[in-house]
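Both complexes shown next keep chain A, but they swap its partner, so chain B is in the first and chain C is in the second.
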Partner chain A sequence: MFHFISKRLKHSLVLLFLASLVCFTLVVSAPGNVAVLIAELRGAVATPGYVDQVAEEIGLHKPLLMRYVDWLGDAVQGDFGISYRTGQAVNADLSKRILVTGMLIAGGGVIATLISLILGFLGAFWPYRLPDRASRGLALIGASTPTFFVGALMIYAFSVSFRIFPSFGFEGPESWVLPWLTVAVLPAAVLSRVVRVGLEDAMSSPFVLTAKSKGLGRTAILLREALPNITPIFINALGTQVGLMTATAIIVEPLFAWQGLGDYFLAGVRFRDFMVVQACLLLFLSFFIVVNLVVDLAVMLTDPRIRRQWS
Partner chain B sequence: MNMLKTILAQINKMPRAALITIGLFLALGIFAPWIAPQDPSAQNLLDAGGGPSAAHWLGTDNLGRDTLSRLIIAANTSLVSVGSVLIIAMTIGILMGTIAGYHRGWVDDLLMRIVDVGLSIPSLITALAVIGIVGPGYWTMVMALSLAWWPMSGRISRGVAVSIMSKPHIEALRVLGASPWRIYFGHLLPGTIGQVMVYATADAGTAALAVATLSFLGLGIQPPTPEWGQMLVDALPYLESDPRQVLLPGFALTAAVIGFNILGESIALNRIPKPLTRRMLALRRAEVASWGKENSNA
Partner chain C sequence: MRNEPLLSVSNLTVNLLTAKSAVRPVDGVSYSVRQGECLAIVGESGSGKTVMNFAPLGLMPTGVTTMLSGSVKLEGRELIGLPEAEIQKLRGKSVGFIFQDPMSALNPVRRIGRQIAEMAELHLNMTPKAAEARALELVKLVGISDPAARLRQYPHELSGGLRQRVVIAIALAGEPKLLIADEPTTALDVTVQAQILRLLKDVQKRLNMAMVLITHDMGVVAGAADNIVVMYAARAAERGPVDTVLVNPRHPYTRGLINAIPRREDPVGAEFRGLPGLPPALAAPFKGCAFTPRCDMAVPACSLARPPLEQVDGNVFVACPVVNHGKVAA
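Let's look at the complex of A and B:
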């Protein structure tokens, strides 16, 4: 078991290194001279002398490898440089915004899990009947509707037609509902299919036959025999969806005026603020790697078959 | 003629609803300039925000432009950009995939590792990162989305290429002394292209979503060119007074994506490329060997 964990940790470290390399090369390969850009952003006329001074200041004259090592050393300590647009330290903004995005993804993940379990369970309880077809149709629509349109529909339904929830802002539980629901639609649609197919698969295995012959009811079999069997698959799929929710957050946060990481990343992309883009990208990539690591460990804890393989 | 018949037979097996939606989307997209009843960018501020009337069947937007014409022209915009994204992405993907499938060994490992990394990053984040570095614009959007899309076709074409390479006729070609170029360009590449094209059509739905999402964020197709995502974001401030302008482009886009997704599901259920396993290869060899015996007996 420790062998598995250490092997998995090493794998994640290699991936983290690759992710940092990707983020670094992306910014280094940007067209145009960064020093000129910064000089102009500081409001000065970009005379060659001043540009040289700026280049010296941010270390553009050093060899690439040195710049990478410097950048990585700073980034590991949480220093992501200074935003070209605002002139403020990127990490000060990041620490404020990380909580907002964390809340969005956590709430969305919980709602998506609940909805998908209910829909998938209904489908597996009455396979190929009306509830199954309805949940299948809902999943298709949910997976095909663009997230920004889901958000617009939510605002139209819940804060224009019926004034139940506020349409934007981040003040208390009421304003959290709509963003959470919007973020949850896509993962709920995908996960409900995973649950439905997984349950059907488990229901055709021999241990279910044994349970039937013992006289257990359909609900009891589904909950006690089939559900534990699909947890590893479900956790795997949930991990992928949680990763994808960072991309959804980029759309949902500006829509509901949440000051989160997605909003920050988007602003960085709009104003070509390389430091912000780089920092957010590195955070997103690290998040995917960590989620994958957690998923693998959780799958090992919940699946005795895999646990036995490694012990 | 025979080819037409097999194509028609293939199409007949696909779900009817998806075909109708996609057919409508394609027809609107290709013939948009002739179908659109009015100039999509002609403004008439006196008529702004008007409801459905004889002149404007679906009303007008906040600048008094005809919504129906804009919706139809947007299908054309969407079709052209999705088409170029898929063509570029598939070219890169098929090249990488076939090279990996032909060479195997370390080339395969390296390329598939890159594909794995590409697939694990959400395509929106990849595309936005590229746009953030290069700067927004139509061709940046197309390049950024192709960069985010090629790993998918890369993985599929690698699977197809491996399964083609393990077929007996390639072995026969090798025995005949065919050059690697002949095997690659004459047999591997054409076979792979045909099969991967089918999967690409299923991908078109998500590609259309991505184009609309980038335009919604203001980083894709720039106004005044009409595009569904961008029409929606333009109308969003007037959601309370004129919700029709938000709902119509949203439903148009959703319908197109649903069509492609149904098609994609039916394709994925019907044919998933599987490289031949070693056991199947052995069986096939035994079978081929037995043909030879029968012939020598006769």
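Let's look at the complex of A and C:
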């Protein structure tokens, strides 16, 4: 078990390094010049001379490799540099914003899990009947509606028409509901199908015939026999969805005026703010890696057949 | 001394309807089993022997509409027409089931102990703790070594033979009066087959249960059963005490089956004697005897009318007019 985790972490380091290289290349090769933007931000006319001066100031004149090595040297020590845009330490910005995005993903993940289990279970209990068709329809709609549109609908329905929840802000539980629901729609739709199909699959396994022969009822068979069998599959799918929620956060946070990582990342991209983009990407990637590791451990806990291979 | 049979099936017909097709895997079959008796039901794959025993107890796959007619009485209680909720109460409690493939019959992610103890909780109203103790007893009863450790294990950690013993323990856990074993040794290693069969026979005698043993292995029949029903294409071809039927088979199909068993005096390298031809599909109803195309004694009349199951001597019933009355009379 310990061996497994340390091996996975070692692989993760290599992955992080390669990813930082890729995203450095992408950012420096993107069109636009951050020095021009900074000059404009300072209210000056971006004359070539002034732009050069700014570039000199922030170290853009150095060779690419040097810039990368400088950045990497600091990053390894946990220092992600100074944001070109805000002039503040990226670390300080990140630590404020991680909490916001963490809240968004955690809440969304919990809601998606609950909704998908309920929908999937209803569908599996009455296969091909009304609850099943309804949950399938909902899943189809949920999976194919773009998140920004879902968010707009949520605001229109719950803030404008019914005035139940505020449309923006990060003040209290009430203001968390709409962003949570918005990020949860897509994963809930995908996961409800995983639950429904997994349960149906499990229900046609031979051990269900044994369970039936024991005199167990349908509900007991679904909960006691089928559900434990789909737990590993569900956890796997949930892990992927939670990882993907970082991408959804980029869309949802600006929509509800949440000052989270997604919002920060987007602003960084617009400003060619290499420091911010790089830090955010590495953070997202680390999150993905950690989620995957947790998923693998959780699957080991829920599936004795896999547990055996690693213990 | 022996009065009412525990299970009494008469003129049972099963029709299965799926979205696309209709088949009749069981067509007017009758038999009965008394307490302490073992009845073997023998036939080729697809002859209806499993459906015949599972359908009246509601053990059919979902998506199939099962239509039953005739009568199936368990302890004097008619099962046909009984609502599923009532039949569910009988499963596990009055009837224990053993399945063909122990590799897939157990839930892979639940501990053996739970899978057995659950039965005692459900049917004997035991507390989880008492049920665990009962599970331990059962595991010992079915001859599993190191029983306490086994209860904490998962199915994939056990061999096929051990798993089948666990399945038997589950079947016994509700203290049923009838055991239905669907090819309990087919999926096992040859060396393990004899052990499992001996175990089944042993617990059946010890607990004085009735047992229906579904098999296509004549060797199994000879060792274990008191009575036998030979099934061919959804119908009973011959029925009677095992000693009589195996020694003196009358129906041409029974004879063919017994003749197909390899014998010790067969020369090395001799070809297997099989039955020529294939069993018919069950979708189309046949007017006459279904065995006619493969029968070496068939006369033209065989394909005209369905042969009745007639008592010949003792308790032997044979569905073949040619055998019962001679070629001319048929």
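Keep this in mind: the second predicted complex is superposed on the first by the 255 of 311 C-alpha atoms of A that agree within 3 Å, B and C clash if a C-alpha of one lies under 4 Å from a C-alpha of the other, contacts with A are read in each partner's own complex, and residues count from 1 in each chain.
Keep in mind that, in the parts below, a contact is a pair of C-beta atoms (placed from the backbone, for glycine too) under 8 Å apart; a residue touches a chain by one contact, two chains touch by 3 or more.
Just so we're clear, the structure is a prediction, and the values are computed from it rather than from any experiment.
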Please indicate which partner A:G137 is in contact with in the superposed arrangement: first for chain B, second for chain C, both, or neither.
neither
In the overlay, answer first, second, both or neither for which of chain B and chain C A:G169 touches.
neither
One more residue to check, A:F284. First (chain B), second (chain C), both or neither?
first
As a test of reading the superposition: which chain, chain B or chain C, is in touch with more residues of chain A?
B
Mind working out whether A:G73 is in touch with chain B, chain C, both or neither, as first, second, both or neither?
neither
Quick one: classify A:G59 as touching chain B (first), chain C (second), both or neither.
neither
Tell me the contact category for A:R272 with respect to chain B and chain C: first, second, both or neither.
first
Those residues of chain A which chain B touches in one complex and chain C touches in the other
none
Residues on chain C engaged by chain A in the complex (per definition of touch)
58-59, 61-62, 88-93, 96-97, 99, 101, 104-110, 118-119, 122-123, 154, 156-157, 167, 170-171, 174
Tell me, which parts of chain A touch chain B in their complex?
18, 22, 26-27, 29-31, 140-141, 143-149, 152-153, 155-156, 160, 243-244, 246-247, 250-251, 254, 265-266, 268-270, 272-274, 277, 281, 284-285, 288, 292
Listed in rising order, chain B residues that touch chain A in their complex are 117, 120-125, 128-129, 131-136, 205, 209, 212-213, 216-219, 229, 232-233, 236, 239-240, 243, 246-247, 250, 253-254, 257-258, 261-262
Taking the touch rule as given, give the residues of chain A at its contact with chain C in the complex, in rising order.
127, 203-207, 209-217, 224-225, 228-229, 231, 302-305, 308
